[in-house]
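In the two assemblies presented below, chain A is common to both, partnered first by chain B and then by chain C.
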Partner chain A sequence: MTPKATSTAKPQQATAAPNALESLLKAYNETTSSRLKTVDAFLVFLMLSGIVQFLYCILVTNFPFNAFLAGFSSCVGQFVLTASLRSQVNPANRAEFKDVSPERAFADFAMGSIVLHFFVFNFLG
Partner chain B sequence: MFSRWGLLLVLGLASWATAKSSTGDSVLVILEPKLDKDNFSIFFDGLREKGYDLTFRAPKDVEPAVIEYDSPQFSHVILFAPETKSFANDITPQSLVTLLEKKTNLLLVVSSKQTPLTSLAPEFSLVLPPPGTPLLSHFPERDTPATVIPVNVSPNPVVTSKLPPVWFSGIPFSLQNNPLLFPILSAPPESFAADSEGDSGAEAVVQVSEKGGEGLWAGSQMSLVAGFQALGGSRATWVGGVDLFSDEYAQKETKPGVKSGNKEFASAVAAWTFQESLALRIDRVTHHRVNQTEALQAYTTNDEIVFTAHISKFNSETSAWEPFSGIQDMQLEFTMLDPHIRTALPPVPGKAGEYSVTFRAPDRHGVFKFVINHKRKGWTHLESSTMVSLVPPRHDGYPRFLSAAWPYYIGAISTSLGFFIFSALWLAGDDRESKKSKGSKAE
Partner chain C sequence: MTTKAYALPSDLSPATVTNTTSLLRIIALAFISGAAIASRLFAVINFESIIHEFDPWFNYRATRVLVADGFYEFWNWFDPTAWYPLGRVVGGTVYPGLMATSGVIYKILHALNLPVDIRNICVLLAPGFSSLTAWSTYMFTKELKDESAGLLAAAFIGIVPGYISRSVAGSYDNEAIAIFLLMFTFFNWIKALKTGSAFFGTIAALFYFYMVAAWGGYAFITNMIPLHALALLLMGRYSSRLYVAYSSWYAVGTLASMQVPFVGFQPVRTSEHMAALGVFGLLQIIAFAELVRSHVSSKQFQTLLYASVIGLGFLGTLAIIGLTYKGWIAPWTGRFYSLWDTGYAKKYIPIIASVSEHQPTAWPSFFMDLQFLIFLFPAGVVMCFRELRDEHVFVIIYAIVASYFAGVMVRLMLTLTPVVCVAAAIAFSTVLDTYINPVEPEAPADEAASSEVNSVASDVTNPSTPTPVSKKSKKAVKDSSASSTTGPFGDLVASVTSGKSGKKGERSFGVFGLDTRLVVIFHAIGMLIFFVWHCTWVTSNAYSSPSVVLASSNPDGSQHIIDDFREAYYWLRQNTPETAVVMSWWDYGYQIAGMADRPTLVDNNTWNNTHIATVGKAMSSSEEVAYPILRKHDVDYVLVIFGGLIGYSGDDINKFLWMVRIAQGVWPDEIQEPNYFTRKGEYKIDDEASPTMKNSLMYKMSYYRYAELFGGGQALDRVRGQQVPKTGPTLDYLDEAFTSENWIVRIYEVKKEDLLGRDLKSANAFAQGKKRKRTKPASRRKALL
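Moving on to the complex of A and B:
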């Protein structure tokens, strides 16, 4: 959905940049299902959490490094899993994932996440 | 009751009778026939008074052998045979070295004549002057020949007390750079070794000294009595002239009314040679973690380790080993191939004979050794090596819940919580969506 919105916004850049953002938000709010909005909110949270941990590692301390790796990779891994869930359940991609029902996609996502967290908490120390 | 007292008395007498030496009381004196035993009565009687058991033998006698069935028969050997050219079969330079290896102490006397002993001297890093060149000195002015010289005793570990000058007549030696060898009596600065006992060779000496002194056997760098502490712990003392020990020199006056220091000096030299003085030993070493008492086979990297050594010194007056705290410069090494840690091992104040240090083990795992290697001239070498392993922490030995890591913990926990909340929302939303989709389908 979003790529379409940006491509429509580009030609009128000079005159209505705020309008472009507004129309982007508007189009996003109107055309995105609440389910995908939940997914997007979770993705933003994971991204912010990862950024905070990375900054803490660079600016404050990378000790214990295993804890940093566990915390940071839990964010990255969860982000990847959630992003793939989003692309699988997006109605716009239905043609591509004909064989994958949304239930199946969520089950894969949940299974993958549980395995990821198992490793993360083992590695956290 | 009587028998018990009797036993105590016997024990007391036995301890009285034991030698003052820390290694044994039997002494073999190999005395060449030319020398009269009675001329050395002060020296020998002094040894007997201390509790030594003297056995005399001529160099060519076969009995008693110094080594029998591969075991040395005497604790100490005095070789007063400076001019003997041929010995019995059991006394060769090799057998003397073997004696030293087998912890027998040697007191060796050489003279200006060429003997088997002069060829043994280079093995001890001693360089003797050419045959027939005794030490001469024309100072101070005196009525004795130039070869009979009063020598001032400079303080050294073996002779600690201040002694009057010592009469000496014999040869000097120069000491090569051997850490086991040290001078006990140095030659007077104005003395020199020269060809002739008269002054006919004096011009040659003057000529040599004008050329910068090269090849000149002179000065206080020469040594008259030198001590050698073998690696095995036995001691050998080389003396440049046998007359040092004679009664005549012991009673001869250096100044009117002042007796020479020969008696005390000879006694001190014998005491050092026979392991009475400057004899040390490590009784035991212990190691443990700080605040624990048990010695471990394996320590963890970065552990705080306490190492303690107990050291005794032999006291010849009581014939007993007594705790000794007088070493100030001892070091401990914690070694794996190289010393990873080298630290001072100071005496513990208030605890006699105890030396202790606390140090942090290196952050390196492997097989390490606690090494004490204390070698000082004149003193018994102290060597000790204790092996321990140093292992990394066990899997549960690392610190946990570090405050610095809380952002990471919170990150991981919040991701998991987020996953649960997301899943709950998804599943809850699923119903709504499906209802909606059903509704839309119905429409």
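Moving on to the complex of A and C:
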């Protein structure tokens, strides 16, 4: 998940033009529905949580390695499952997901999360 | 209205047609399952319900422990009798999927008050799962083309010898369930990719987990799916569906795979798994970039974005390489290198090279295992290129990768077989579609231009409906790629086609009349019938031998069963103490543990090369050198396999050079391979054999008293076709304990140290020379006095 973290920081260093970032934020605020914004907030939380765990692993200890892996992959797994849900319910992607209605997407999400956390729980040790 | 080559019933409602076809499909699948199971039962009918070969004996033994003691006991099972005196942590060094599967089936059947013996469950597990494989291949192929191709693929995989070779009744090995899991995981992956549903991604991850628990070959899936995803990315086919499918599979599947103790942290620590992680990271970056791009329209910004995505991907690759150098990620293992460099194993890991199923594949075995599928296979891959949806890319990559691996190792033929069946089914059903379709091409008098436009349009909107244009191109492909297969009829058709295509643009193309259709269909059915014959013949003759029980035919043609192995193992079981340690070459370790229930020094797990080399050294050195080794390892009995009397070629003398090589790898100063050859460099056992060879324990144990059997006549070794010296070897440190009916198994007891403290050689000489050299002990008594 570290690449993800770097890619968030990238627009700032890459463009060096603050107006590009501003226009991005503006466009995001204008075109994104509040539901998707909620999902995005959750995504950011998961990402921060994953980063904190990763830093702990690197800086302090990785001792119960299975517990770290379980915690970290619960963040990563939940992140990608939520990101999948986000792209499935995004009206802009309607054409791509012909077989997946928003309700179906949520059911998929729930099932994926249950399976994921079953393994996380088993792996925590 | 198009003309028809033959009349179709027109008074059927569409509902009746769909209902009938689905009923027929179910019946066909049921028959295919029946055929798949039945053809694997040759082994049971010709011999008996018995566990085959070597590894299955361990799996069977482990399953019995699982069923008798429960799962927790099995999980923590430490087996002190294997790898004596080291022991083996079985629970942590085994893929438990197979045993768990039969354990669950056993529990279910007993809950239903069906008291089935665990042995019969183990014997019949592979045939049962083969019908599931047929079903999942049907589902997989259906996603690629249509139901009829799926049925053909299911029928092919059901009876193809390449798969039967590892899944006959009694072949209770990991591959028995792994091929089903492989195909079903791939089907779910394709389905997830097509629909963009996390549900199928999660199911794929769950079956991937099952696969990881069942077979070490799971690494094939671990690298196939990322390879497919990467290929799609490079083709510019990124879509949110790919993101959903891959992310859900990888996130859940990787975490799940780490639950298997034998795999442990490997998915984040070894290079074999890094491709999957890398593609996962790349997909996250691309997905994020796509999201940003959808909100920003600035052209410059977008190019910058792409540059940074590529840069980050590059950095990620560098990071993985750096971590490998730092030692955080384990580099590739030797088994992996041996896949790319076929000479690698022979040089560095002789133990891998010594296994016959790790040898490169010989050309005839492709035909033996796949028959006519092997030449339809390229045609099917070409068909995939013509449509080239995401799932076709998968089949193309799978075909290329698996073809390579099947060429490197015989056993990897098993991973090639499913894709060959799928591709051949696509090609074959395209041929049938083209020639069974009754639609006649437009008559030449019609306006060529308008019909062409129509057909092109309909081709674009509905590619599955065969139109004259698509028929023509299909046929052209078929002719070009498979003309060698269609024989004289194919040539006839080809000449007709080429004659027509000479006047391109003026006339429409296609199949005219009933006769052409019948010729091709008749021919196709002929190929199918020959395929079934071939498969049945190969299965019954080549792949159904348990190799524990051998068969030969009497002069009158009746079957003669050679049961030496079990005879000897039961002798051990009944005549030796339970703690008696048996030394044999590692091939027979599992069988001794399973059938004789005695501790062994080495077995088919081959995890400790030094231990195996120790056995190799004992076998290949002289008695004086070997005896201390045997005593230090508490060896009570030594077991050798000798086929010289009845011509059983898989015996220990033929494997002997591998023992020498493996021992040489650890003790290069004491054991040297060239010493075992004659002066001319030949591997011989007759009078010309080198002294080292003649003095080796293996040679002595194999030919001890062999010449006596011929009553003064010239003793002949039937495997090697050489004359055995008339004065056979003598043994001072070992005693012959048991020799089976046909001399296949010979068991020797290791003598204890002499009670008077003499070395055994002089003690023996004393015992034998008693009568002639009476003076010697007398003089000694004098000296004592």
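Just so it is clear, the second predicted complex is superposed on the first by the 109 of 125 C-alpha atoms of A that agree within 3 Å, B and C clash if a C-alpha of one lies under 4 Å from a C-alpha of the other, contacts with A are read in each partner's own complex, and residues count from 1 in each chain.
Convention: contacts are C-beta pairs under 8 Å (C-beta built on N, C-alpha and C of every residue); 3 or more make two chains touch, one makes a residue touch a chain.
Predicted, not measured: the structure shown is a model, and the values here were computed from it.
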| said: Just checking: does A:Ala20 make contact with chain B only, chain C only, both, or neither of them? Give me first, second, both or neither. | reply: second
| What is the contact status of A:Gly112 with respect to chain B (first) and chain C (second): first, second, both, or neither? | second
| task | Using the superposition described at the top, determine whether chain B or chain C touches more residues of chain A. | result | C
| query | Which partner does A:Ala70 reach: the first (chain B), the second (chain C), both, or neither? | reply | both
| query | Which holds for A:Val120: it touches chain B only (first), chain C only (second), both, or neither? | reply | both
| said: Let me check the overlay on chain A: which residues of chain A are in contact with chain B and also with chain C? | reply: 70, 120
| field | Interfacial residue positions of chain B with respect to chain A in the complex | value | 398, 400, 402, 404-405, 407-412, 414-416, 418-419, 422-423, 425-426, 429-430, 432-433
| In their complex, what parts of chain A are in touch with chain B? | 33-35, 38-39, 42, 45-46, 49-50, 52-53, 56, 60-61, 63-64, 67-68, 70-72, 74-75, 78, 82, 106, 110, 113, 117, 120-121, 124-125
| query | In the complex of these two chains, what residues of chain C are touching chain A? | reply | 195-199, 201-202, 205-206, 239-241, 243-244, 247-248, 250-252, 254-256, 258-259, 265, 268, 281-282, 284-285, 287-289, 292, 294-296, 298, 301, 304, 308, 312, 316
| query | Can you list the chain A residues touching chain C in their complex? | reply | 1-4, 6-8, 10-11, 14-15, 20, 23-24, 27-28, 31, 65-66, 69-70, 73, 76-77, 80-81, 83-85, 87-88, 92-93, 96-97, 99-100, 104-105, 107-109, 111-112, 115-116, 119-120, 122-123
